[in-house]
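Below are two complexes that have subunit A in common, paired first with subunit B and then with subunit C.
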Partner chain A sequence: MNRFAQSWVSAAFVLSVGTALTLGLPFVMDDYTLLQGTIYAIMAILGVSLAFIWGFSGILCFGQAAFFGLGAYTYAVAVINMGDSTIPFLIAIIVPALFATLLGYVIFYGRLSDVYMGVITLTVTLILFNLINSTAGPEWKIGSAALGGFNGMPSIPTLNFPGQVDEALTPAHLFYLTMICLLLIYLGLRCLISSKIGRVVIAAKENEQRILLLGYDARVYKLFSFVLGGAIAGLAGCLFANWGAFTSPTIFGLAQSAQIIIWVIVGGLGTLVGPIVGCVAIQWLTTQIGTQQIFNSNLILGAILVVFVLLVPRGIVPSLGDLLELLWKKFKSKPSHEITHSSQPLTPEKNLADSGPNLGAVEKPLSKGEQLA
Partner chain B sequence: MDLAVVVLIQVLYAVASLVIISSGLAVIFGMMKVINLAHGEFMMLGAYAVIISMKLGTNLWVAMLIIAPLTVGLIGVVLERLIIRRLYGRMVDTMLATWGLSLLLIGIVTSIAGNTTAGVSTPLGSFTIGTYSVSSYTLVIIFVAIALALGIRLVLMRTQLGLIARGTMQKPDMANALGISPSVVYSVTFAVGAALSGLAGGFLAPLTGVVPTMGGAFVAKAFITVIGGGPAILAGLVSASSLFGAINQLATFITTPVVGEVALLVAAIVMLRLLPQGITGRFFRGAL
Partner chain C sequence: MTPLIETRRLNVRFGGVHATRDVNFSLAEAELRCVIGPNGAGKSTFFKLLTGQVKPTSGQILFRGKDISNMQPHDPGRLGIGIKTQVPSLFNGLSVWENVWLSARRTNGAAAANRITEETLERVGMSTHSHKLAGLLSHGMRQWVEIGVVIAADPPLILLDEPAAGMSDAEVAKTAELILEVNRKHALVVVEHDMNFIRMIAKTVTVLHQGAVIKEDTPDRIMSDPLIQQIYLGKKPH
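So, the complex of A and B:
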């Protein structure tokens, strides 16, 4: 991992760009374009959720769309029954998190390898898709909310200010809310990754046996990050249901799951900002393809995925980071120690290879000693 | 009594279709440890091969038994040479690349054939048991599944080719030292797996509508069967198919087809929690 992707400098950069976009875009965009911006940001939240659990705890979840869809449906059902949107907003995060706990328990406590994990998460997504798809009849109701089967659920009441049912959020408000969620999640995950828990999570990904021998129960840490990822995806789903006031079973579909994976691969696995970049780029591309009608979007997405796996397996952002690092080295022969330090938690071998024989080699055993003490 | 016979035939049919759907994947995953997420699309290509050759006036059985597997087998060789062989030993990357491949194939076929459902009418008509009518094609599927299972066993255990394949999968460097090129063996194995998928797609074409996205309906079932089966290719395939097929069909019989599908998938997840190594990881050890 290069130091630009992992340093606090990059985090500060990302946050300031994000804040600038949040404050600036509503003034330069009309409502329609702003809505487009909102969906990009919602999908970016979804992308970040997978970026965290896959890139930092090594859980390859093919079913991130399941939590996303579950969030959307939970919000829809709850808000139709309750009217006020405050509690449904929270439930839409809690239900996917609980579901992730259950699923994660089966996976991690069954000690299934990552390949099996991919298949199980994929299967669960398909189960949900099949189930929801078959609820078209009028007998499928939760409270007063008809699930609607393959037709989806139309005219979902959108978010209102807490406690005031009549004060619905305008598109601009929803944009602010989404961007604030995205930035807070980004910041929160960055802090988590640099914290002690985050270091154990990453260590469990690198070498589960070693972390077990050091006295940490790797399963708990994996379950924790899986549940956190599920909750974030649920939040994204809830925002999605608000965005179009509509939800349908296609959000559980394989195409949706594949898209999330593609964002992460294209943007760069092992970074948080990469998948945001990948998400925006791919979304923009699919929209362009959709309007041009020359190529099928599946064809392009599939080709992109194959090409990236074969030729650019590290993704855009880390590759750009390497480029920056190369330039940095040209300007400064000795890299500063602070930045090297913050790039510690990931892949010690790579770090050593990247940054030459400097602090990295001494630093790693020390930090492990601290954890033991 | 008649009902019991009909239910029995339906259960056998469900088991047989799982065997047919999963055999191509079982060969590719079991022998090469390559997770082929484009499996469903290989089946889709097989189904389209049947549709197209039917349109050109070929006999249905020739199209299903010869043209479909041959076409998909050839496509398999090309894809193995171009993509898969670069990723051997990197399981997760193979998964991702084949997923990309699956989207790519869907995209290509949609561009060519359009996003419409084509169909082949079910051949052979039906026969009656008491007051119940059963499609004769059901029996064909059961027969094909048995033939497939026996065929795979015969090829792997009794032929020189099977011996070479099994040896290469166990110790590629040793096989190489004995003058066998592992690269060629992998290629052939992948092609055989792809051909089996094509055959499956061909045989299922009369039963399901043929659309570019039809693969998605099979891929999860096939995976769960192969993984539920565990390390032994054939014993795992047959035992997992029997278990899941029976659960699926009985649940379908009692409630609705959707609940049947869900019961299959839930049963598979519960089983993997109990037997993380699959059925043959615990029972029938050392079987093929």
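So, the complex of A and C:
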């Protein structure tokens, strides 16, 4: 098996586990736990959006929360005005994408450096926070939707089946929808990474000067990634507004922005599945910490981040992948008669190729075999 | 006949430094030209002018008669100008194969890009290393991979900045062979200071000194010119 096939086997493994969880969890979980699962999946979608634009395109965006919040508020305003949630669902993706286009155009076509990129995205997020936060007065209305300022927007109508206003989704339906969105986004991004566009995006992160010398306009590819990341975050925001039927300006806050970055660092930068793992692990931990009174939860999360940056800088998934690969090589390097009667020598290449599913290798961008794509 | 690339009274000033002075340079289709000069002669600036990395203060750069003096950074590649920088510029985290493939794929379909990549790796002698990460290769191999990256796009003009820098004698000889082979189809401008290397490949040499072109001739005549020996090799004329 070559590495191309191997990476897809690993992707298939991730998708199988995801599908099994999607189908199985509603039968074994009570409603409260299922709601917990839904919010993990929603945040995982948000994590994947940053995983793609930071890990694969090299764009460190501190403002992913801005697109997330825009998605939530756009959905809330649109659905309160329209009633049927079909179009609001789509608008909640389109508006953040358009906002990302505008912001990305200024950043990439203005050739701003990474530091300015970070400053601008963070500033925009905080501006949105302050803007929405100060809309508490009754004059702040869009159509019949009051923005609510720091009080937030309560009683947001839940998604309904397309065209059937009275057929609202149950919590179980929302769980299915969220998981399907997460799996489709994962699959779509994996396909994108293997395509020409994805390879150029990754190559531009590796060496922008060379990609320019080859005649690719790096700005277009970066903008595309940024907009795609914004759209995915917008979708997550829309699902979030549905999950609690509530949204407030805190989703534009610094804590939210920082949290997404922590998920990616802990899960593994440069992978798609890593931030999902990181997101779920940190969220679960946050919930657990919340049940005790001895330590402040932010203090513990901060300590975890420091430990990861110092001791597991590559994150959970790549480190786990490396460990599995190492163990497999050790196992394979035993004298051949101990593990096989074949007279064929085991070459290092064969060791690698036969090493089976390997989460670390899953996401290694552009492995050699992918040339055949 | 319109030259492939031509510069007309090209000047660049960096503050008080006049790095390029009235350079008139012309290269025909499929020609191979070496540009030499001592340190500080303006070779690198001239190279950067041709690649669009430096904008001229005055004068024109024409590619097949079209003024390209104010290009975007990605324009040379689109026009058909392949560039190899002095320090090999590769995608270190990608394999040799992918490095070349990205170059071939810009204007070709996936199947054609696969074929071109195989052929190119064969041409530059890197087929056996195609699966290795570019960042893990030796310096000489990186130079060849970068030449492969450049020729995979099949550009009519190739600009090479010191392609033999930091190579062993055997590697220099192989690189010279490779450049002559590439020159069967592509025009090349080679900026170089290694005179032995220039002897191996050059038919015509342009000498830069203090930003200006002072001579254009065959390598033998250039080497035996007393003025060039004085300014380039540091020898006094007899």
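Please note the rule applied: the second predicted complex is superposed on the first by the 324 of 373 C-alpha atoms of A that agree within 3 Å, B and C clash if a C-alpha of one lies under 4 Å from a C-alpha of the other, contacts with A are read in each partner's own complex, and residues count from 1 in each chain.
The working rule: contacts are C-beta pairs under 8 Å (C-beta built on N, C-alpha and C of every residue); 3 or more make two chains touch, one makes a residue touch a chain.
Keep in mind the model is a prediction, meaning the values are calculated, not measured.
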Based on the superposed arrangement, let me know which partner A:106 touches: subunit B (first), subunit C (second), both, or neither?
first
After superposition on the shared chain, which partner residues are touched by A:301: those of subunit B (first), subunit C (second), both, or neither?
first
Of the two partner chains, subunit B (first) and subunit C (second), which one does A:116 touch, if any: first, second, both, or neither?
first
Of the partners subunit B and subunit C, which touch A:144 in the superposed model: first, second, both, neither?
neither
Comparing the two partners subunit B and subunit C, which touches a greater set of residues in subunit A:
B
Going by the contact rule at the top, pick out the subunit C residues touching subunit A in the complex.
51, 72-78, 83, 85, 89-95, 97-98, 101-103, 105-106, 110, 114, 117, 130-131, 149, 153
For the complex, give me every residue of subunit B touching subunit A.
35, 83, 86-87, 91-93, 95-97, 99-108, 110-111, 216, 220, 223-224, 227, 256, 258, 261-262, 265-266, 268-269, 272-273, 276
Flag every residue of subunit A that touches subunit C in the complex, lowest number first.
196, 199-200, 202-203, 206-207, 209-218, 365-368, 370-373
Of subunit A, residues touching subunit B in the complex:
60, 106, 109-112, 114-116, 118-120, 122-124, 126-127, 130-131, 133-134, 254-255, 258, 261-262, 265, 295-306, 309-310, 313
